[in-house]
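Two complexes are shown next, each including chain A; its partner changes from chain B in the first to chain C in the second.
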Partner chain A sequence: MKTAVIGSESLGRERRIKSVTCYEGNLKDLTEKGCSGCLKGGKRCLSTATFCSHLTALDELSVVKNAVVVDHGPIGCSSGMMRWTLNYRMESLVTGEPFGDLNVLSTNLSESDTVFGAINKLYDTVREAYRRHNPEVIYITSTCMSSTIGEDFESAVDVLREEIPVPIVFVGCAGAKSKIWASGFDSEQHANFKNLIKPPKEKRNTVNIIEFLHHHKQYTIDLLDRIGLKPLFFNAHATVEDFAHASESIASTGVCNVKASYLGSALEKEYGVKYLADDYGMGIAGFERWYLKLAELTGSEDIAREYIASEHEKYDPILEDYRQKFKGVKAMIIMGSGYAFELVRVLSEIGIDVVHTNSFHYDPVLDRDDDKDYMKRVTQDIEDLPVSISDAQHFETIKRIEKYKPDVIITRVHGAQTIALKTGTPVVNVLAAFGFPGTVDLAEYIYEELQNKNFVKKFGEHCGFSFTEKFKNENDKSFIV
Partner chain B sequence: MGQFTEKQGVGCALAGFYTALAIEKVLPIIHGGPGCVANAQQIMGNQNGSQQGVGFSEGMLPSTNLTDTDIVFGGGKKLDELIDNTVQYFDADLYIAIGGCVAAIIGDDMEEITGKYRKTGKPVLFTEAPGFKGNNIWGHTQILKSIIEQYLPDKREKVNKGQVNVWGIVPYYDPFWAGTCDAVEELLKDIGLKPNIIYGKGRGIKNIDKIPEAEFNLVLSPWWDVEIAELLTERYGTPFLHYPSLPIGPTETKRFLKVLEEYANLDSEVVSDYIRKKEDRYYFYIEKGIAHLYDARKLPKRFYTMANSTYALGIAKYFINDLGLVPEKQFITDGVPQKYQKQIAEEYKSFDGGIESDVTFTLDVGSAMIEIGNDEGKYHNATVIVGSSWNDVPAKKLGAYNLHVSAPIGDRVILDRSYFGFDGGLHLFEDLYDKVAGMFGIEMA
Partner chain C sequence: MSSCIERPRTTCSLGGALSTISALPGVIPISHTTSGCAGNLSGTTAFNSGYCGSNYCSGQSVPVSNFNESNVVFGGAGRLREELISTFELIDGKLYIVLTGCMSEIIADDVQGVVSEFQNEGKPLIYVNTPSFEGDAFEGYELVLDKIINDQLPVSSRKDKSIINVFGIVPQFDPFFRGDLGEIKRILERLGLRVNTLFTNDQTYKNLTDVPKAGLNILLSPVYGVDLLKKFEKRHGTPFITEDLPVGAIQTEAFIRHVAKALDIDSATVNRVIKEEKRDYYAYLERAADLISDSEFKYYADVVGNATGTLSYARFLRDELGFVVENSVITDFLPKKKEKILKGYLEGKDIPGNLSFETDTYQVTKLLKNAMGQPNGDFYIDLHTPRFVFGSTFEKDYAVKNALPYLAISYPVYDRTILSKGYAGFRGGLQLMEDILCVLVAGR
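For the complex of A and B:
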């Protein structure tokens, strides 16, 4: 059991499940070495800025309903909240939640605090957070600085709990804890599990849906309703009470294993809530498997099959049309590991060949004991696929684009988009590709993008990079030592 | 710095690396945590007018990405290796290693590490900019200081008559920086000066090299870069003119030009000609553009502000002196040091027509939002809130027009737009009344 929800905070992924951020080879080699534990992951002679597990945790905590986050650190560590706030507001419109901000306060640590500590600042800020927002839960997050100077969070939380009548939750999520930003999900879920999740009082026909901002909220509700289930959404818009009921659910599933594995596994281990880790509804085959697994929980496989058949009837001609349109189109994927491999299959379902997939990190195992072979199903038909693992080290990305010359790049975040554009290659941002409609959505987006490449072509001709001759002569493996 | 803040309108000191990015072919090398750049990016770049670095960009900035083991064993070796490889692979005119909180706490000796490279002729500078020491404006100042103190010569060899270095623009934090650099340059040329600006397209290291030769330095902000002008006086004896506001629109631009004319002993005919031409042009477009606005419509009259000092004051002057608006609660949110607050507060007491306003200095945008939100239902007519994307919740509450000019700005794409000068006034007029016209026939008619 890797998800040991003990101790005040979770371990970073590198240490807990031996995740790697540096690899170049093929899928077969990657998974074999990963599973037998000999995938150490190389090192690079060059490194560029990535992303912060602390920020990942802040984002995922601040979306909890009526929550306030008090970030115990210098101002910079929570200065970037506008990005997720905008996403949150946008998805709130779709999901019918009230328009609002994500509420994060910073204790604004200064130089003298590195010497004397600043626990009084933390008290003041938490009190003000409570007064200002009347929250249902207050999260206290650690940063590189507050954890390095050894702030005594445990005692602080004890003191504050005496005076403030809502849960005060400490989240150990200093950015320096891990190079892998997905470790922030673990930090946040560790804290929520320890503090908000309660032992079950009864079993209910709910399924925990562990994902981001619930873009497909209504669709998910409808799908589950058909087979006699109800969703409990985490973390966005989840109340403290929703967390308390998570253990009563019949199963957990999520948008991908990177996001859902820690909490899903912990709920399974502690309270026997089945974690459906194999599939999460991406593309056609992925959706079928996922939906049937859910239907099994209530013995409604027939209903699920019927629904899937009707979706086929509706969408097959459309998908076939795209397969014709995409004949000969080659794609490269640059995404987080939950998507980088699954998407290879999804793209094949709409007739697009993937020439290379790049994943921001790779988890050789999941947090469940029996998930050593979790990649088997994904890899079986595409073992020879060239893959690379890099945490947004885009000097390598450029080399790979030059080498594989894709017609289109499928990506989403972490800087790959504009770097790829500069190579003159069309870029499509994939958000979810959930089920039949999501797959068609993705296909249409790619199709539209390929209709007119004038912008990207001319942009690529005029805008570029400033590298030395030496860099130009290197190849994609040159930087791994 | 002391008190807690909520919903910041500033980044941390490390975010000052954007100042290096704004100078062509200058490459920041980050000595910090893996996420420090991303934190900065989400208030200074992407979510501030959809900006990114040109040539070198945030998605590919050399960074030591320090983690726990480095905190224990030190990060100096990592930085050394990174610089070594960076200078081999990235083609820059100047490299600046910038240290964040983690590097400062470990206590890595950046001076020694970068000094090694300078000895071999590679221009690698260093700046310590940990977030716990200050905000992004402080960080910006540290970057400029490093360039002046570590790269430029100690003494000035000659004075280039008419050359004026322009300061008071904090690139990227001010999302209009690039357009403003162009606009200021154009204006100064038009009135017979030789402007020297280091940020933006086609300037770069050759303009840095010219800094010591200036006849004088010009600071166009209530307080940004005053320290830099002082440093240049100390180092090269270059005098400076501090114009304590960014001139926006005809009234303030005219005042600025008169002050400049006197200070720099400019040909008064040239200046007067320029003013006449530009002012006529300004009112030509205003007259042409107000028909629909005044066609049986109620226009907003009162405005709130929660923005950085340069734009808060510059826009307040334009709104009050040229557009005839009336100030409501005014918040300045960029952490103005105590010593500059009095002078700024005085500016708020001397608008045309005897109009005065109080002004509150705070880093805590969250508290400003609450105070503005408290005015819900107070006024009959719709008001305007000038500020950042943090405006949106109070603006919705008050039913106010919502104008984003200060970081973070998540709903605008800002290319060469500038509010500086006569033409800048036109742009701001357009942006404000676009909002108003956009509501005709929808909610607030």
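For the complex of A and C:
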């Protein structure tokens, strides 16, 4: 068990599960080296902006219902919340959750605070947060600055718990702790597990759905309902009470291992809540495996099989039509590691060849001990696939796009879509390709994108990159040293 | 009174420095920070400033030393050196600027030492200290320009009175910076002047190096750039005038006359330009009269924004549209020294409505709520409605909940997109009026 929910904060992924952000080669080599523990994170001679594990944690905490985040740091660290607020608002329109801004209070550290400490600012801000918002839970997050100057969070939390009648949860998520922004998920899940999740009182027919903003909320509810299950969604829209009941669920799952691994594994290890880590409903085959496994929990395999058959009947002709349309289309994937490899199979299901897949990081193993070979199922047919691991290092992305010349780039977040567009390559943002409808949606988006390339062509013609002349002509130059 | 800030509407000085450099042609930033800072800030600027986005070597493309815990212990100078060698080899620019962050400052990395190694080789490299505790984003703007102009650019012996520099508008944190500066430039060019805006799309690196040649600096902000231009005057001998951001015909006419006076431009030219511009402006207004007179077009207004724009917008609403401005809320996060400069500037100035200074978003909303009349059971109570909210998208939820018309005019803006639009000058005034009318007729 790599998830050791002890201590006040989680370890960064580099140290805990030997995750890497720097690799270039093929899938076979990556997984073999990864599993035998000899995959060493390479180094870059040039690195560009990556994301912040602190902000990842902040984002995931702020979406908990009636929560307030007190960010103990300078205002710059908290300002990132504006960007996530925007995503939350966009998804609220889809899920029907209350539409509004996410809340963060910055303790606003200044230079003298780095010398004298500022624990009193933290006290004041937590009290103020409680007075203003009457929240159900207050999260206290650490930043590079507050953790480096050695603020005594533990004592502060002890004192504040005496006076404030709602859970006060410390989240150790200083950005410098890990270069892998996904470590922020672990930080917040570690804190939530320690503070909000309670031992089970009774078993319930719920499934913990650990994912982002629940784009497919209604669809998930319907799917589970068919097989006699109910979802408990985390973290977005979850209440403190939902967390307390998480240990009573039959199983945990999510749309992405990167996001769900820490909490899912911890719940399994501590309270025997089965974590369905191998599949998460992406594409056709993935969905079938995932749904059948869920159905096994309630002995409703027949219902699930029947549903899957009816979905095949409905969607197979459509999918076949797309496979014909996509003959000869070559794609490149640039996504987080939860999607980058799974999506190769999903694209093959709609008849698209993948020429290269780029993942923002790579976890050689998951948090559960028996997940050592979790990549095997993904990789068995595509061992020679060229693969790269880079944490949104887009100078590398540009070079790879130039090298592999894909017809379309499939991506999501972290700036890859902008870079793709500027190379003049059609680009499609994919949310999850969840189930049959999600797969067809993805096919439809790609088809639409390829129908009219006028917009994207313009970018290729009029946007330049900031490479030196010398470097523009060096096709095989690698940034990895 | 608490020292905390709820939902800050500004970033650290690093954020402002990165935004400023992104708008300077040919200048490349290198962020010497922990992994995360630059990526975090790229989101808040590219997406929260009317979706201004990123360009040449900004946002996600910024070279970052990305140092981690071990560098915090053992120092990050080696990583910075390596990053700089690669940056010079791979990224094309005219000037390279190392920016520091909180952590590189706390661990006291020898940035100066590393930078001077490259300077000794003749590389165009400088550094600016931009940790959070130097100030906020607006301060970052000033720090970067101060370093370039007052430290790097050589003093020019030949001054050209027809060259003007415009300062005070901060890229992205003034969401209309491109449109505003474009319009100011257009107007000044009509007076026969050549203008360095530094940040509009027509500018090149030469505009930046030509800055010391200017005969006059115009500062369009009461605070941001005051220190910069005082030092500018001392070093380069170019005087500056501080002007309010001109919004609409009345303010822009006054602006033109002030500039003309400072530069001794002949009154015939000035009068001709003003006459032509006003003819155009009021011709549009004339045709809007049908709509305006056909609707209930009289509003109480609250204006929330930064020190540069808020009062100009408020005056425009009061003087040109006949709105009743109740609150002008200035949201800047100012250190004591800057607060003193601002308050000194505002003394005796024409201020529409109640002026308040409030940085905390929760308090801003509370202030707006309290300004509205509340039903108290009396037969008649003046609720001070209809009411129009001008602010950032942070004020939107308040407006929507109270069914008030609202328009985003200040950072952060994420419920509208801003490409070439600006609200400064004659054309900006018309655009602002157009947008206000759009809000009012959109539901029809």
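Just so it is clear, the second predicted complex is superposed on the first by the 475 of 481 C-alpha atoms of A that agree within 3 Å, B and C clash if a C-alpha of one lies under 4 Å from a C-alpha of the other, contacts with A are read in each partner's own complex, and residues count from 1 in each chain.
Assume contacts are C-beta pairs under 8 Å (C-beta built on N, C-alpha and C of every residue); 3 or more make two chains touch, one makes a residue touch a chain.
For clarity, every value in this text was computed on a predicted model and none was experimentally measured.
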Superposed partners chain B and chain C on chain A - clash or fit: clash
First (chain B), second (chain C), both or neither touched by A:L46: both
Chain B versus chain C as contact partner of A:V5, first or second or both or neither: neither
Partner chain(s) touched by A:C77 [first = chain B, second = chain C, both, neither]: both
Chain B and chain C footprints on chain A, overlapping residues: 45-55, 73-83, 85-86, 89, 99-101, 103-111, 114, 121, 124-125, 128-129, 132, 144-145, 148-149, 175-179, 181, 391-392, 394-395, 414-415, 418-419, 464-468, 470-471
Complex contacts: residues of chain B adjacent to chain A: 1-8, 10-15, 25, 27, 30, 33-43, 46-47, 52, 54-68, 70-71, 81-82, 85-86, 88-92, 100-102, 105, 130-133, 135, 363, 366, 370, 388-390, 392-393, 396, 408, 410-411
Complex contact set, residues of chain C against chain A: 2-15, 28, 31, 34-44, 47-48, 53-54, 56-57, 59-69, 72, 82-83, 85-87, 89-93, 102-103, 106-107, 131-133, 136, 333, 362, 394, 397, 412, 414
Complex contacts: residues of chain A adjacent to chain B: 12, 45-55, 73-83, 85-86, 89, 99-101, 103-111, 113-114, 121, 124-125, 128-129, 132, 144-145, 148-149, 175-179, 181, 391-392, 394-395, 414-416, 418-419, 463-468, 470-471, 474
Sites on chain A touched by chain C in the complex: 45-55, 70, 73-86, 89, 99-101, 103-111, 114, 121, 124-125, 128-129, 132, 144-145, 148-149, 175-179, 181, 391-392, 394-395, 414-415, 418-419, 464-471, 479
